[in-house]
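In this document, chain identifiers A, B, C and D correspond to the written order of the chains, with residue numbering beginning at 1 in each.
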Amino acid sequence: MSLLSIRDLCIALPEGADRKYAAKDVSFDLAPGEILCIVGESGSGKSMSANAVMGLLPQGVKPVGGAITFDGQEVLGLSERQMQDLRGRRISMIFQEPLSALNPLMRVGAQIAEVFEAHGELAPQERRNRALKLLEEVGLPDPESAIRAYPFQLSGGQRQRVMIAMALALEPDILIADEPTTALDVTTQAQILKLIENLRQSRGMAVIFITHDFGVVADIADRVIVMQTGEIVESGTADEVLLRPQHPYTRALIDAIPRLNQHDDAEQPARTPVLSVVGLNKTFVVGSGKLFGKPRVVKAVQKVSFELCAGETIGIVGESGSGKSTVGRCLTRLINPDEGRVMLDGADIAHMSGAELREKRRSLQMIFQDPYSSLNPRARVSRILTEGLISYGTPRSEALEKARDLLGLVGLDPSAMNRFPHEFSGGQRQRIGIARALMLDPSIIIADEAVSALDVSIQAQVLDLLADLKTRLNLSMLFITHDLRVAARICDRIIVMQKGAIVEMGPTGKVLHDPDTDYTRSLLDAIPGQEYERALAEAG
Amino acid sequence: QDGTPQQGGTLNVVIQPEPPGLMVGLIQNGPTQMVAGDIYESLLRYDANLQPTGQLAESWEISEDGKTYTFKLRKGVVFHDGKPFTSADVKFSMDKFLRESHSRMRTYMQHVESIETPDDHTVVFNLKQPFGPFIGIFEPGTAPMIPKHIYEGTDFANNPANNTPIGTGPFKFDEWVKGSYIHLVKNPDYYMEGKPHVDEVYYHVIPDAASRAVAYETGKVDVLPGGSIENFDVPRIRDMENTCITDKGWEYFGPLSWLWINLNNKPLDDVKVRQAMMHALDREFAKDALWNGLGKVATGPLSSSTRFYSDSTPDISYDPEKAKKLLSESSYNGETIRLLGLPYGETWQRWAEAVKQNLTEIGIKVEIVPSDVAGWNQKVSDRDFDLAFTYLYQYGDPALGVSRTYMSTNAKVGSPWNNVANYQNPEVDKMFDEAALMASPDDRAAAYKTIQDQIVSDVPNLWLLELGFPTIYRCNIKNPVNTAFGVNDGFRDVWIEKAK
Amino acid sequence: MTRFILGRLIKAGFILLAILIFNFLLIHAAPGDPAAVMAGEAGAADEKFLADLRERFGLDQPLYIQLWTYLQGAVQLDLGFSYRQQMPVAELIADRLPATLLLTGVAFLLSLSLGVLAGVAASARQGSWGDTIISTLALLFYATPLFWVALMAALVFSVWLGWLPGFGYSTVGAGYTGWAHALDVAKHLVLPATTLGLFFTAIYMRMTRASMLEVSRLDFVKTARAKGVKRRVILRRHILRNALLPVITLAGLQAGQIFGGAILTETVFAWPGIGRLMFEAINQRDYAVILGVFYISGAMVLLFNLITDVFYVIIDPRIRLTG
Amino acid sequence: MKDFWTRFRFNRGAVIGLVILAVVIATAIAAPFIFPTSPWKMVQRPFLPPLTQNGLPLGTDALGRDVLAGLAHGAYVSLLVGLVSTVVALAIGVPVGALAGYFVGRVDDALMRFTEFFQTIPSFALAIVLLAIFQPSLTFVIIAIAIVSWPPVARLVRGEVLSLRTREFVEAATLQGLGNAQIILRHILPNALPPIIVLASLMVAQAILLESSLSFLGLGDPNIMSWGYMIGAARTVIRTAWWLSFLPGMAILLTVLALNLIGEGLNDALNPRLTRKSE
């Protein structure tokens, strides 16, 4: 008997959206202990379908047909009260964007403990201990102090792990995970996957796993569903779908999967550095929350130095929480580094301010790790994209024209211009962020997990776009990613970071195939789907 | 009058505004006088016809030439602190204390040559010349008897005893909770047998007029002295059960309201304009609509309760047609007249509006200038107005309360109570001077008649109403008002009839 | 944080001084002076009397000397002497303070708790009958003049029903002590405190409601629901907490006025508090008292602004303040 | 813009509000033509109850003046006082608060100390003192009200901005090269709008009522008919002629209601999350 059964689910979108239905005639079953992976196009309705199971569709989005049966119970008709009992305890969910999904004003420990409280589990002081334990299990370093942190004080991957801890807290019957590892480095990712696997074995937990990472799919999936524009185009066991895809879309997807050894190791011409970073340091000191408690001190960036040359792409990989985003934010002066110099065109922007800084910044753009919170909720996409350009003096019509072009290049419909950020899927928002960064024709882009929420075919499209710009416009890029395959594909050099410091730096091929440090090696070992890659390679 | 007095009980009275202090020798505003009337006494009292009766003085004599006043004091009178009251206290009070700190007394005392105290219970005032009104000044608000033993040789204004006033009156000061109430208790050593009848008096400070009405309605207070509640509320309260109302008790003060006219300003220096304005005012309407029909329409500079009032002055009644005619003959051509309202509550504001409307209707442009009390004082003192509301007390005698308004010698900038209009008529000056010093009341009456006729035809002010300030009280409270001072004379004779 | 607070306190001292000078000049710019007012109440006065008064009050001195004298006292916390009331200002204020604090404090707590509660209730059922009723009531409360409400309340509960005393601070002459006194004062407090509180209740309610509606659509609320957290808890812990910032601002503003008293309410209900004292002092140009009240209430405003700022940081850890 | 209108129109409450406000404004403009005689003219005996006399549907006041004429003429002043003082208060308060909250540090310090300067004097008392100094003409009444009402706006806006300025979308806008002014105007303030709108609609009511309290204390402009004046004047006769305060009270209530409904509609129409119902 299946634990969850979805029949002909139709979810209607409000007027003015991409299409009429976010999901159409979606049907599948989930047995206890089964791991079902949903892959597919960004914006194809994966998140909406998952939300529907939880009864948590956004305002204006409604299920209009079909049935969802959980444990013999029709879910769609349940009252909010009845749903309350199911949520968290029987079915739990990890949402796609962890920053906006966490309460900004509540310490993460409390947010986890709340799950127990909501369902009347455990005594109050034990809840905290359990929360601590959970944070440890998901691999958060120094959980004692992390438990007291606010979401904004955590790195993207750390937040994501908080979400995971929350969802696993009560060991639910079904776990719905919506791209839960987009911000996790591969070792941490492996650890999380192992955790899920354990729960499945011990508790018979069933999992719906939405992801773009075929490596992960290959490693964990029992069955796979492929979605495109709201419909399921193919489904079957993991082997069937991954190795013997039937539908052309699935085949196209699989062809687009980046390979580890895809980079061209052609000898780089000598280039002039455009950005040189010398001795960057940043330490966060955060009150402990108690009046006289010891403050939490995080050495987020320690003595980071490197040079970025014109037309070069440097990948930054490494442990989640190792300071990658912080480096990016220091370079753009969104936060002020404690020490160090950031030389751009011979000027130190680490000690600049005012108009001068604004002028310099034009050539230095960033793609934010959390796309949703970096978009003004009250601005339409058209404004978000064009206002930068307009403020630098470009005529409005020209800016709009360019914005439309860029949207097309990142695979979005021009109709997106008139919508607000909350009306998009996670991947779509990320693409808006990319388009925004490209609007100003920067010479340097700092891309923080810029393609993590994109399905592989769109990812490929975007990466091609970036590569094209790189050659055409001599664009330099700092590409922060946890996906080593992506790094392999577009980076010239790779920096490996751990605990705020650079542990290894070198040409991509060297780092990925002949690393100097154990840490890098452990990363490489943890890359998911290596067997599958081999299998694919054998197959053709 | 109302049967045999019964002893005991508490009297709850409204007081408004809260007095700045209770030492009536230093401060003479209305509320101070009201409370002080229970604590302090003077030599005499005055009945509704302003005839003197004894208080601290048992008997008195005025010499033929009107220059020597001899008072025999009551024996066995003690101050609240137990010290006896003697002629020395009288001399100290009149000659020293009040001469120094009581502005009205200072002027009156100019007529006094010397004060003698042949024995402990006799006081003799020697006047420089006869001064008709002199016998009318021995009331507690004007001539309170102040304990010499406490004040002699001290800085009067800063004497700590000012906070615990001590007099000879029927009630002793007990407690003053600022902002809430003043509590007086019966003086057990009072020299009049069986008096006072009530045990204690509470003066309640309730700043809002409507709340004062509520206080009466809910039985928190039993006596509403004149002016405690808005006039609009009077009929309603009056019609309540067990409620009595009287407009007596103001005879001595004779409050008369008028509009100052700034005679320095054009076109107000034109008598025709003034006459036109006088006839334009519908005072009957004001009386009925704003004062509940209480009081009287004024006929001239004297209130009808004041001595030497003449009822045959030239006609100044409401006649808009005549007013228009006069105006058209006058030098007025469209100037805006600034009318300064009196900041004493709603009635006065409405009145200003009514006057404005009256004048507008005969074709005079008027702008009301609002202000608060201090602003009003300042503006009137500085003569910064065209028309200004006011009302003043007459103290029973034109020489005390009326002449100050019309004498040119008094037309100095810097005070709102002198001849603010800047009325200059040498003849009137002279007649006022003479009339004050005449020994015979008949001569004085004749002189004041001429004065009244003259002033009314000059119209230096626009006389409005003799104000009626009704005292409202529960009918089982007997005798709250039985002198020309009303509640300001203390509750010596008040008693409360217990419910049967 | 400690440094921030200390810095602010030091600055507050200077501002207070500046405000004092400003206030001093301001009220001296108003026409009339206390001598004239006092003389005016007596209904008659001659120049000598006025001159005497002015000399006694020190008003004959040039303004800058008066100011200097006042400031010298003020920095030593000597607020001067009220000639009108014949009492040191500090004593006068201390006398009135308990009544005012009781009234404004109770009204503050009442309105804050009631307003936030009503706002939460209304936003939880947006568009329902409950919401409509609460919103309409709130509208009524703040669109109706305070004195009108006050008078009506006195009329209904005091005159008609006779349940509550309509004015005053306690029953005069009843001689209650201990609990009886407390109960008596409490009874007197009901009408003025509710009247004063109603207006602010309405404000808090509207602000809370609007803010809650805004927050309730954010994603983390969805997360909380996904955890199976009860609606009530979500409202309180997640939505309300995030919606509290503007409410805190307003509460800080109201709290700052806690010493300034409530002029109209105190007047209508004959509440012997600071507000009335101040109003009367303004009318009587009792400079020392006006300045004293402004001084104390100014200090309170500064203090509560500081507390508000500290609350901001506590409520929203993302806020950083430097100063 | 068109889009905004469509959304606004769909909000029934907002439309009703707009209609009421339009009526009030029309009355204010048309009053001198409908009631050409002065509203101060005493036309009948005082305290005539409503609906008892032809031609005086709302009766007369304490001096026998036509209440209906008063209401019509009063609309102008009350609206003017309410709206202008609110606009002025917003015009001062919003920029001050926004700059203080956005720049924090020294600017914040300076601006907030400046605000405190005005805030420390109890607002009602300040209004009274100001009006005692200056002649209470309509202009000064408005100015006085505006002066005492802007500090709360400034503090509210500052609080919101303090919190919003650290959001990532603001950082993103900074990177886009937007000037501070643009960031404040286009990114921060729109997100701080709901409390500002609430406060603004409250302030209009408060201004109208403050004017009434002031004229009740004799500090209004007594030459101009306003609703506040009418309520203040009717206060003393509330027991005997309830309609005299009730009617202008209703007028204020309706106007405030209208402004609130409009505010709410505005709020909803400007909130992208509330729009596009799927019906």
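Side notes on the structure shown:
Simple rule for what comes next: a residue touches a chain if its C-beta (ideal position, glycine included) is under 8 Å from a C-beta of that chain, and two chains touch if they have at least 3 such contacts.
Fair warning: this is a prediction, and the values are worked out from it, not measured in the lab.
Chain C has the C-alpha centroid lying closest to the overall centroid of all protein C-alpha atoms shown. Centre-to-centre spacing of chain A and chain C amounts to 51 Å, using the average Cα coordinate of each chain. Taking each chain's centre as the mean of its C-alpha atoms, chain A lies 47 Å from chain D. Per-chain CA centroids place chain B at a distance of 39 Å from chain C. With centres taken as mean Cα positions, chain B sits 88 Å from chain A. With touch defined as above, residues shared between interfaces to two or more other chains in chain A number as follows: 59, 152.
Counting only residues that touch two or more partner chains, chain D has 128, 132, 166-167, 235, 238-239, 271, 273-274.
For chain C, the set of residues touching two or more other chains reads 30-31, 151, 155, 217, 282, 316, 318.
Contacts between chains, counted with the stated touch criterion, involve the pairs A-C, A-D, B-C, B-D, C-D.
Against chain B, in their complex, chain D makes its touches with residues 38, 40-42, 46, 62-64, 128, 132, 135-136, 217-223, 233, 235-240. Residues of chain A that touch chain D in their complex: 12-16, 59-62, 99, 152, 332, 334, 358, 361-362, 364-366, 368, 370, 373-380, 383, 387-388, 391-392, 420, 422, 433, 436, 439-440. Within the complex, the chain D residues that touch chain C are 104-105, 108-109, 112-113, 116-117, 119-125, 128-129, 132-133, 151-152, 155-156, 158-160, 162-163, 166-167, 194-195, 197-199, 202, 205-206, 209, 212-213, 216, 231, 235, 238-239, 245, 249, 252-253, 256-257, 260, 267, 271, 273-274. Contact residues of chain C toward chain B in the complex are 30-33, 36-50, 52, 56, 84-87, 92, 95-96, 99, 151, 154-155, 158-159, 162, 165-170, 172-173, 266-270, 272-273, 276-277, 280, 282-285.
Listed in rising order, the residues of chain B touching chain D in the complex are 209-210, 213, 230, 232-233, 235-236, 285, 289-290, 341, 343, 345-346, 349-350, 352-354, 356-357, 360, 367-372, 374-375.
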